[in-house]
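As written, the chains take the letters A, B, C and D, and residue 1 is the first residue of each chain.
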Amino acid sequence: MTALIEVRNLKTYFHTQDGIVKAVDGVSYNVNRGETIALVGESGCGKTVSALSILRLVAEPAGKIEAGEIIFDGIDLLKLSNEEMRKMRGAKISIIFQEPLTSLNPVLTIGRQISEGLEFHKNMSTKEGLQEAARLLKLVGIPHPERRIHDYPHQFSGGMRQRAMIAIAIACQPQLIIADEPTTVVDVTIQAQLLELIRNITKELNTALILITHNLGIVARYAHRVFVMYAGNIIEHGNALDVYHYPCHPYTAGLLTSVPRLDESRKNRLIPIEGQPPDLIALPIGCSFQARCAYAIPQCQREKPPLLEVAPNHYAACWVSQKEQRPWQKKSL
Amino acid sequence: MTRYAIRRILWLLVVLLVVSFITFSLMHLVPGGPWDREKQLAPQVIEALNRKYGLDKPFFVQYGNFLLGLLHGDLGISYSYQDRGVTQILMQGLPITATLGITAFIIAILIGISLGMAAALKQNSWIDYLSVLFSTIFASIPGFVLAIILMVVFSVILHWLPTGGWGSVSQIIMPAFALAALPAAFIARITRASTLEVMHQDYVRTARSKGLLERVVLIRHILRNSLIPVVTIAGPEFANLVTGSVIVETIFSIPGIGRLFVQGIFARDYGLIMGSVLFYAFVIAIANLVVDILYGMIDPRIRYD
Amino acid sequence: MAIVTNTTTGPERPHHTLWGDAWVRLRRNKLAMAGGIFIIILALAAIFAPLITPYDFAHQDYTAILQNPNAKHWLGTDGLGRDVFARLLYGARTSLAVGIFTQLIVICIGLPIGAIAGYSGGKVDNALMRFVDVMYGFPDLLLVILLKAVLGSGIYQLFLAIGLVAWVNISRLVRGQIMSLKSRDFVSAARAMGGMGRYITWRHLLPNALGPIIVSITFNIPRAIFTEAALSYIGIGVRPPTPSWGAMIHDGYDVIFASWYQVFFPAIAIALVMMAFTFLGDGLRDALDPKLRH
Amino acid sequence: MRSKSILLSLLAILVTASLILTSACGTSVKGTGEQILRVNLAGEPAQVDPNRASWASERSVIMQVFVGLLGFNQDLSLRADVAKVIPTVANKGISADGLTYTFKLRTNVTWSDGTKVTAKDFVYSIKRMLNPDLAAEYASFYFDIVGGLAYFSAPDKTDAEKTTLKNAIGVKAIDEYTLEIKLNDPLPTFLDLMALWPVYPVREDIITQFGDAWTNPPNYIGNGPYILTEWVHQDHMTFKPNPNYWGTKPKLAEIDFKMITDANAALAAYMNNELDISGVPVGTEKATMADATLSPQILRYNDLTTFAFQFNVTKPPFDNKLVRQALSCAIDRQTLIDIRGGVGKVALSWIPPGMPGYDATLGSEYAFNVTKAKELLAQAGYNDVSKLPEIKFSYSDTAGNRTIAQFLQGQMQQNLGINITLDPQESKSFQEYINAGKHMWAWFGWGADYPDPDNWLPQLFGTGAGNNHTLYSNPTFDALAAKGLKELDNPTRLKDWADAQKMVMDDAPIVTMFYRERFLLVKPWVKGLTTTGMDGQVAGDMFYTEVYMTK
């Protein structure tokens, strides 16, 4: 079964005065129809940029997709003309951004912001668009949608705005939705509702979902597969549960230990990953995590580890991990 | 919003009253009167003239008479124009000045906003530097120099357009462009500055992520959010254009009302001064009222509680 | 299992304040720096004019009337045989001073009134804006003539005459910006944290509203220079033979058919000054734009 | 992001729109073919009512629509127009004692609406001109008419008193075509006065019917060669030949008075063939002479106008005659003329050449001579100029004045080392300032109303005279002037005025600078233009009946 979308060796750089920021430096991943994958990593590791690259929304003139292919339903999106790409956005692939507070046009009613996409892609009239918008708002759980479509964003709470963003994203029944940290800004109770909502909708419409987050707790529960990113590269990917329980890369392990776990006794102290992510302009030779890695071996400094299969359907880019010993894994499981 | 507009109209009357009182007192405080001429008039003649035009009455009585006249829409008579009524003079010249002013305003808005947005969207590109050059030139050359350059090029050298006067369409073009130059440059730079603030906002990225036509993104998402400062300055610029410019009307000999204010002051023609000052104050106050109303329409977050 | 070794590589990113960071970026903006340097050079040239040109700006050489630029007079001579280059240099003293200082008055009056009206809204906004309406409709020419008669005609009366009415545009601009910004969420967040009105306006609202304000100021500079020229004819501010660029253009206009140089050179000077301030202003705006700050 | 295409299309639409507009209607250069003369009145005349008019632009309009009892030939000699013949003592037109003037009128003179012009039209006009409520500026010229002054200075009287005063005026229509005017004292130049516009005939019935609006077409009825067919305020006035004109019919089919106030715009209009005659901005004369196409079209002729600096003789140091004389020698008049493009003649004495009273030998002691100036200053006790009190030169803010002021400042500084301060003022403040005698030094010009010394001396140098801004007061001059005004014997009269002028020039209350020379451009196809020293705003406006076009 070929994947709905396949990103092959994507490179997206930012040309700034200080030098070239290699935000996405040779990333490959794929998503099957109806499947949900998670892109995980600290902020600034390139997960959002890779998503924006799919939609070719990288902020010009600084940002530029240098190399790679993005095959979506058999077509390489990078080869499409602007016009053809524009037809894809919103219709085939849509995105839910992180900050609902600033991602909605403050001077346009919520209804119009939902119906806009419909008017273009499904050439509905504004009236029909608004009716559909009301239906969508109802679908995403907003009370009295017929009245609320005439409200402005500043009359919605943070959670409701994010629901509106979801409504916008699913308006044209896209085949792929990219959710860029959809729940980071809202509080935890709303977070769970939103994620349940997204999951139900993607299941109902058989939509593929790329869930971008730095919260591993979400990954285990909502994603089939997970890709861990660090400094512009994918350093580990595999089935969500495998990676969750048997992390094959010290960074992933570090992520897991820095998050409180229900199934752990509360006595253990949380161990943060020391230091800062490297500056993407002056990446070190060898493994970019070696400066912060407790298990680094001399080879790590010399050579960049390739992404190899270290367990069935479980890949990792780490010299130590390929030697079958993973001291960072807990004995008990 | 209509309740707010009505309240503002009442306040407008207060503003006009204050402006009229300030102007009336300034007029009488300023040295030189309407009857001072190179060849001094005999004192009894000056007395007779003062009596004829009611200038011999105490200050507040004169001001009272003026206000009474205003109620009937009569702005008094002009001494320097064979006792023609000021209201009549204004009404006669207004259509001409207004036509010219509105044409200039449209040109200014068209050039200003399109150049401003282009300069912002293509920051530090050739069109951005063009907009800087364009606005600097039209701000550093005073109106009268620009007017004469246009006249030399299009009338004297190319013989395309008449040098001035009024009546045919060809006599609107040069004055309209001369009038529109500075406001167009100003609007262009203001649009650029505010568009720069808006175009990096997240909702613009959301709009593009919905696959909307670029034109729609530009107008409905970017322009609409960057209009506030543009509208703010467009209001007073419109008022200035519609009430006429001394310089352009003098050089292109246009029989509008642009010159009345300055002529009135230099001739100490009290009727003319009051008429032109109040007319301008009225137009600018209305323009600012419209701007405030537009605020509410453009940005729903702005409300006048 | 502690993960140790926190030696970081790459430049340590110093944490700057808004203005500190802005200065770093402004310095790196070539155009803005060129603008700033040009103005400084011009100011120095104006101050040390006697060293630069041997000619006295007032000396009338009747054998050299309305000459085109030549070896002796680099920029030619005016209708009274005076050296245009010297008059441009000495004229810079008046015009630069007028152009810049009046803007200080405009900012000191216009910004607070606009900010207070925009931020507080309601009765205060109405009162201030009606005062602005009165100032818009104000017969400034009458006031100026009265000022001359009452206060005489010095450079301070000139600043007063120009500054008194020129601030209205800025106040409306600031008010408009702040009204649309103040309901933004980062402001309500700041207000929720107990930020005082004044603090919020200065720290949050003004940086975001800066773009249009800077533009308005750059346009006020040539306008002030020309107003100064117009006022000098009715005796306010600088009087002949002290030159000013605006006056040179007015005089040049009268003989424009004989020698267009008289208008061309002062206009170029004003254009360069305005362009310098425009680039400086743009540089400042870009430097302060939080969005571009990465 | 292809935003560029949208914006470029917007700009493209704009450009094409303006192109369509221009090609659609071309330039409105009216018939260079037909007999249409287009001249520049340079501004809206405030007053075209003959009785009330005073400015040059107003006189140019009146000249086309009205003809008076008498008029001037090109050499400014008198000419009988509505009057059959110029009254003289010989033909009993003037009584022996010079107090009664009788004018016989032509019987064929008609108004433009066909009715006859009769003596009562002149009676009504003269009495109306003296009406106190009208406050006509030139009324003071006619105070010698019996009862004239009394009637004029009674604005505060009741209507009844006013009518009695009005009837007492010494102006009577003996019969339909004979007009008699009685004077209090003999006035040798009275005939000149009767040739001026304030006494042109006006229609009583029309004025009573339309009031102040009588000067708007079609009510503006006159007896001159043209009628005013159209007046768009601030834009233009159009004259067409008067169908009922009793005199020689004009050759032109139309005269178009444009109102272009800006000198540069007027020149541009001329170059674009929208004007047939135009002035040239002051200071560009030399460049115009150097211009190949324009120089053959230049017309220069002397004008009975003198420009001068005037001292306030009551203000030190100008109360000292020697200082005045010194400064008069220290200003290089020829240089000022060079600065003004070489146009105009050096003026060493007050009355200009081309009219009686001009004395070429007078004032030679004021020729430019810096050493003499310094000697005079030393005699006045100011060998060290720093001891001089502060000298302030006040002027009103027109373009020409600015150059004059800075020229004077340069001359004083460069020639005598005196730093004078310049005091530019807004025009009305300046007028009040100078009428109140607060000024020290100012600049002014004087143009002849009629070519006679008694229009030049008493009004300016008589003690307390209306235009006496030098506050010059010399009893011997006043006595001489009073005598001259009454002296019927012309040679003695002119001798009196010559002495009076010599006296004034010696006291040097003014520094005469130059006699104005008019400098115009005239299209080659304009023929028959006849200019005089007393032309109004528009060149040759007295003789537009003879102008015709060859193209």
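Simple rule for what comes next: contacts are C-beta pairs under 8 Å (C-beta built on N, C-alpha and C of every residue); 3 or more make two chains touch, one makes a residue touch a chain.
Keep in mind that what you see is a predicted model, and the values were worked out from it rather than measured.
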Determine which of the two chain pairs, A-B or B-D, is joined by the larger number of C-beta pairs in contact. B-D
Using mean Cα positions as chain centres, tell me which chain lies farthest from subunit B. A
Using only protein Cα atoms, the chain sitting most centrally is B
If you average the Cα atoms of subunit A and of subunit D to get two centres, how far apart are those centres in Å? 89
In whole angstrom, how far does the Cα centroid of subunit A sit from the Cα centroid of subunit B? 54
On a C-alpha centroid basis, what's the spacing between subunit B and subunit D, in Å? 37
Measuring centre to centre with CA averages, how many angstrom lie between subunit B and subunit C? 22
So which bits of subunit C are touching at least two other chains? 145, 149, 183-184, 253, 256
Mark out which residues of subunit B touch at least two other chains, giving numbers and ranges. 30-31, 144, 148, 200-201, 208, 214, 299, 301
Scan subunit A for residues touching two or more other chains and write them down. 102, 106, 154
In the complex, subunit B residues that touch subunit C: 11-12, 14-16, 18-19, 22-23, 26-27, 29-31, 132, 135-137, 139-142, 144-145, 148, 185-186, 189-190, 192-194, 196-197, 200-201, 228-229, 231-233, 235-236, 239, 261-262, 265, 273, 277-278, 280-282, 284-285, 288, 291-292, 295, 299, 301-302, 304-305
Complex interface listing, subunit D residues touching subunit C: 263-264, 267, 280-284, 286-288, 332, 335, 338-339, 397, 399, 402-403, 405-407, 409-410, 413-414, 421-426, 429
Which of the residues in subunit A come into contact with subunit B in the complex? 55, 57, 59, 86-91, 94-95, 97, 99, 102-108, 116-117, 120-121, 152, 154, 165, 168
Show me the residue ranges of subunit C that touch subunit B in the complex, using the header's touch definition. 121-122, 125-126, 129-130, 132-134, 136-139, 141-143, 145-146, 149, 168-169, 172-173, 175-177, 179-180, 183-184, 208, 211-212, 214-216, 218-219, 222-223, 226, 246, 249, 253, 256, 263, 267-268, 270-271, 274-275, 278-279, 282, 285-286, 289, 291-292
List of subunit B residues in touch with subunit D within their complex: 30-33, 36-42, 44-45, 47-49, 51-52, 80-83, 89, 92-93, 107, 110-111, 114-115, 117-118, 121-122, 127, 144, 147-148, 151-152, 155-156, 159-171, 173, 208, 214-215, 218, 250-256, 259, 266-268
